[in-house]
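What follows is a pair of complexes built around chain A, which joins chain B in one and chain C in the other.
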Partner chain A sequence: MAIIEIENLTYRYPHTSQPALRDLSLQIEPGEFVAIVGANGAGKSTLCYTLTGFVPHFFQGELSGRVHVAGLETKEHPLEDIVLVSGLVFQNPFNQISGAKFTVYDEIAFGLENLGVPREDMPARIERAMALTGITAMAERSPYALSGGQQQRVALASMLVMEPQVLVLDEPTSQLDPLGSREVFAVIRELSREGMTVVMAEHKLEWVAQFADRVLVLADGQLVLSGPPAEVLTSPLLETYHIGQTRYTTVARRLQAENGWPAGQPLPVTLEEAEAGFKAALIK
Partner chain B sequence: MPNAAARGRAGSSNLDPLSLQMDTDAHRQKIVDRNLSTIFYLPSTIFLSVSIYGLYLWLRKNCMRIHIDNLHFTYPSGVRALQGVSLTIEPGEQVAIVGQNGAGKTTLVRHLNGLLLPSSGTVHIGDWLTRDSSVAKLAARVGYVFQNPDDQLFKGNVRDEVKFGPANLGFTPEQIETQVDEALARLELSEKAAVNPYDLTPTWRKRVAIAAILAMDTPIIILDEPTTGQDYYSVQHLAGLIQHLRQQGKTVIAISHDIDFVAENFDRIVVMGQGRVLLDGPAEAIFAEEEILNSTYVQPPQLARLAGRLDLGQVVYTVDGFLAAYRQRNPAVSPVKPPISGG
Partner chain C sequence: MQDKLSFYIHRDSPLHRLNPLTKLTLTFSLILMGFLAPGYWTATFIFLVVLLPFSVWGKISPEFTRTTFRLILPLTLFLFGMQSLFYPGGKTVLFSFWIFSVKLEGVQFAYLTASRIMNMVGSFLLLLLSTHPSTLMTALTQRGLPPSLTYIIVSTLQILPQMRNKANTIIDAQRSRGLETQGSLRRRFGALLPLVGPLVFGSLVDVEERAIALEARAFKAKRIKTSLLLIPDSPAQSGFRLGLIALTMLAIGSRLWF
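And now, the complex of A and B:
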């Protein structure tokens, strides 16, 4: 039984003439780690907002179709009910930080306070969230005295601590260095293996390829491709949708055009696949 | 000249042929002298003018040299963000700064326009010492595009935002219009000129922030994480912009985590870690230092890693460079027909 079900979703922001999402339908199973890729403006953020109730409750506008998340039909429940089951990590970490707290520790506790979580339960949850995001050493620092990347980890921790059933992340690694990005992907996958459903909008295709179970491609507000990373990220259609590819795919494709790539060998998306493919090309 | 005057007065009333002849001779001599002067002094004058102009240009060019000397900086919170950074950037260089989160990259570049002042050490932008110059003054030489565009956007529409900088630098109205139009066109914002920046997506707000700095026509431009959140095509567009700035002779300093972007667009890479400069040089030299890069969480570019795994024996980081190295090692897979460009 899918934890997320969207049927014929069309949504238009107020004061705009074009819908941001058109006739979109999808299903996501519990515990799946789904990545959403697409060019800027394709509708990734809008879909993230829809899965967490900000569309339509915060942004208003016109929404038609069904959006069913973790047992709730989002149109029919207020935002304060939806946030209990579905949490959003904003694209801009600076916006996620509340400004109401003076230390990272308190910032992370803030959400739990608002949920009325018993005090004695908080430390364990907060410490776990900090450990998962590698910010334990920053617990007593002000959230505003951190680098951009550190702030992004705090934003992530402040959502992880809420333990939502569905975690939606809008480009959660934009400010992070490569190792930091990999850590976030690894932690997210770990959580999805433990049962959390994850939907993540991302541009970093190399990590998407390595960690996501499924990739959805958005173009112009529509869902145009859906499938395993190896398939979707090597699709020749990506260029039409203004989505790039990893350099591994680029060089393999170039070699393929010159008949230098072994027939039947799939185009690589990751370093490992590229290494295997190029070595196979030599044996041939 | 009393004698000449006297002679002249005398000459005009004296119609003695001999004195007339003498005056004519003197007059002719004067003309000859003047011609000789022209022949002799004109080249010297030209040479001198050119030299002085050349000196002026050289001074102006070197006016934009960035010189950072043993810079230490500790935040009020006690964090020692920079621990002895020394760096010189010549006018017209394109430099990328990479390194782990918290290495001190943004802290470093904020010293270049005076947003931060050294705890010790000095920062010179040309002949201006940042400690003695206000942020407003330094803005004429250093344009800084913030990591978070929302930190700098504040006007009600894109055009006004882009106009603010040049208007405050004292350009003429005509220059301002031209510079604003050019900056908008270059960032593909011409059609969005009347839109409120906060009605644009974060990606477009980044473009507005960049346009606002471009319009100021500063000799030095700092881009703090210009590629974050940008899709593939926006990153390509940015690469084109950097090329354009190179042709204009601008100094470009960019902080980025996108190592492929850095490798493909910057001649010089500075690697920072824990408040220090760990490496400083061209891409080939930098990507060979895997251990140092690992220590500051910098990954070599995708193709450099692949080349390493395949033992290609060369440091490569572009598509063409990789394929050339691969073919060199494996002649059996040379192209049977000319490669299709693009891909």
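And now, the complex of A and C:
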């Protein structure tokens, strides 16, 4: 049974005339890693907010259709119930630090305190979340004394400690440097390997290709493509939707145009696929 | 770069281990007694006999005395200057120079006011130097203070310095684009909008994102919140707090009835 089911979702923000999401339907299975790509304004963030209940409960607006996340119909359950099953991490790591706590350890405990988790149960959950995100050594540091990548891992740990069934990430590395991005993606990859259902809106297509089981392409609020990364990220339609392609695909396409790419060899989206293709080309 | 607004100094002392509510009750009791209890020397007595020894007990006496005097010295100088020269009820001239005469009643009034202010500042400092803001707010929340109010107070201590840093970044960015921020008043005023605009709009976005982050951490969940922090209390401390409240009532009563 799908852990996320969306049927005919249309959503319009308050005081706007155009819907941000139009007649969108999709299903996501438990343990799946689904990436959402699209140009700016395509509806990626809105979809992330929908999957975590912020649409419609925080942003209000008009929502039609059905959104079912981890057994909860999001329109019919309050936000405080939805956030327990679907955790959100978004772009700006600084704004995800609550400001209410002075150490990383206490910051991660913040969600558990709000949930009324007994004190004696907290340390084990906090330590597990810190271990998952590789921040155990930072436990006594101020969250504001950390780098962007470290803060984003604290934000991740703060979600994971609440033990959601779905983790939704809205461009979690957009404001991070390459090292910070690598740290965050490493954690997300590990979570996915452990069976967490991950939905991630992301512009960095190389990472998407490497980790995602499936890629959804949004354009103008609609779901226009869905499929495995190798299929979606090499689709010629991506240009129509103002979405780029991976570096590997770009190089392979140029070679293909000059008959330098082996016939029958699929266009690569990952480094390994590119390596295999170039080796085949050299042998040829 | 200061990363938070807080006076707290970490020490291993009995004062630090007191329940924050005990210290809070002591703070307000001493302030009220300093202002309301009879006697010209009451506030001075409280400072010397209560606050200073407590600061020694808390291993914070150098910081306590230094900060107290640093905070009240400008005000005290101003008070003595103005009151000694211009106090309305002043009759007894201590000494004169040029057209001014320093009067005893003004000096006495200035000292009384200064000692009460010093008592008030010292009482708050004793609390703030020995109590982590997070601990204080947790104790208050556990006694019924709304979590939203607690959050506003505690988060301000951390977020305000970050906002200040952000403002400095915006100023530098605008300067690098040629904005003149120094010079005549008119020029400075003209530089205000390009500085204030990004800061205000950026802050509004930040507020929304932080609100989302808080919701995502179940901050508004209608559940009884627990605390990772265990704040010890004891019947002795509870009795001490009641005793302080009784003393304070006595001080207020003595003011009203005598």
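Worth a mention:
The rule we apply is simple: the second predicted complex is superposed on the first by the 265 of 284 C-alpha atoms of A that agree within 3 Å, B and C clash if a C-alpha of one lies under 4 Å from a C-alpha of the other, contacts with A are read in each partner's own complex, and residues count from 1 in each chain.
One rule holds in what follows: a residue touches a chain if its C-beta (ideal position, glycine included) is under 8 Å from a C-beta of that chain, and two chains touch if they have at least 3 such contacts.
Bear in mind that the values here come from a model prediction, so they are computed numbers and not experimental data.
Per the definitions stated earlier, placing chain B and chain C onto a shared chain A by superposition produces a clash between them. In the superposed model, A:253 lies in contact with chain B only, and not with chain C. In the overlay built on the shared chain, the residue A:114 is in contact with chain C alone; chain B does not reach it.
Using the contact criterion defined above for the overlaid structures, shared-chain residue A:92 touches chain B and also reaches chain C. In the superposition on chain A, A:40 makes contact with chain B only, not with chain C. Looking at the shared chain after the overlay, A:67 reaches neither chain B nor chain C.
By the document's definition of touching, neither partner reaches A:218: not chain B, not chain C. In the overlay built on the shared chain, the residue A:142 is in contact with chain B and with chain C. Of 55-63, 91-99 or 163-171, the segment of chain B whose C-alpha atoms clash with chain C in the superposed model is 163-171. Across the superposed pair, chain B and chain C both touch chain A at residues 92, 94, 142, 145. Contact residues of chain A toward chain B in the complex are 38-41, 45, 91-92, 94, 141-142, 145, 147-150, 171, 174-181, 203, 206, 242-244, 246-248, 250-251, 253-255, 257-260, 271, 274-275, 278-279, 281-282.
Per the touch definition, chain C reaches chain A in the complex via residues 3-4, 132-134, 150-151, 154-155, 158-159, 162, 206, 209-230.
Chain B contributes residues 75, 77, 79, 99-102, 106, 147-148, 150, 201-204, 225, 228-235, 257, 259-260, 297-299, 301-303, 305-306, 309-310, 319, 322-323, 326, 330, 332-337, 339-340, 343 to its touches with chain A in the complex. Those residues of chain A that touch chain C in the shared complex are 52, 54, 58, 79-80, 83-84, 87-88, 90, 92, 94-102, 106, 109-119, 122, 142, 144-145, 155, 158-159, 162.
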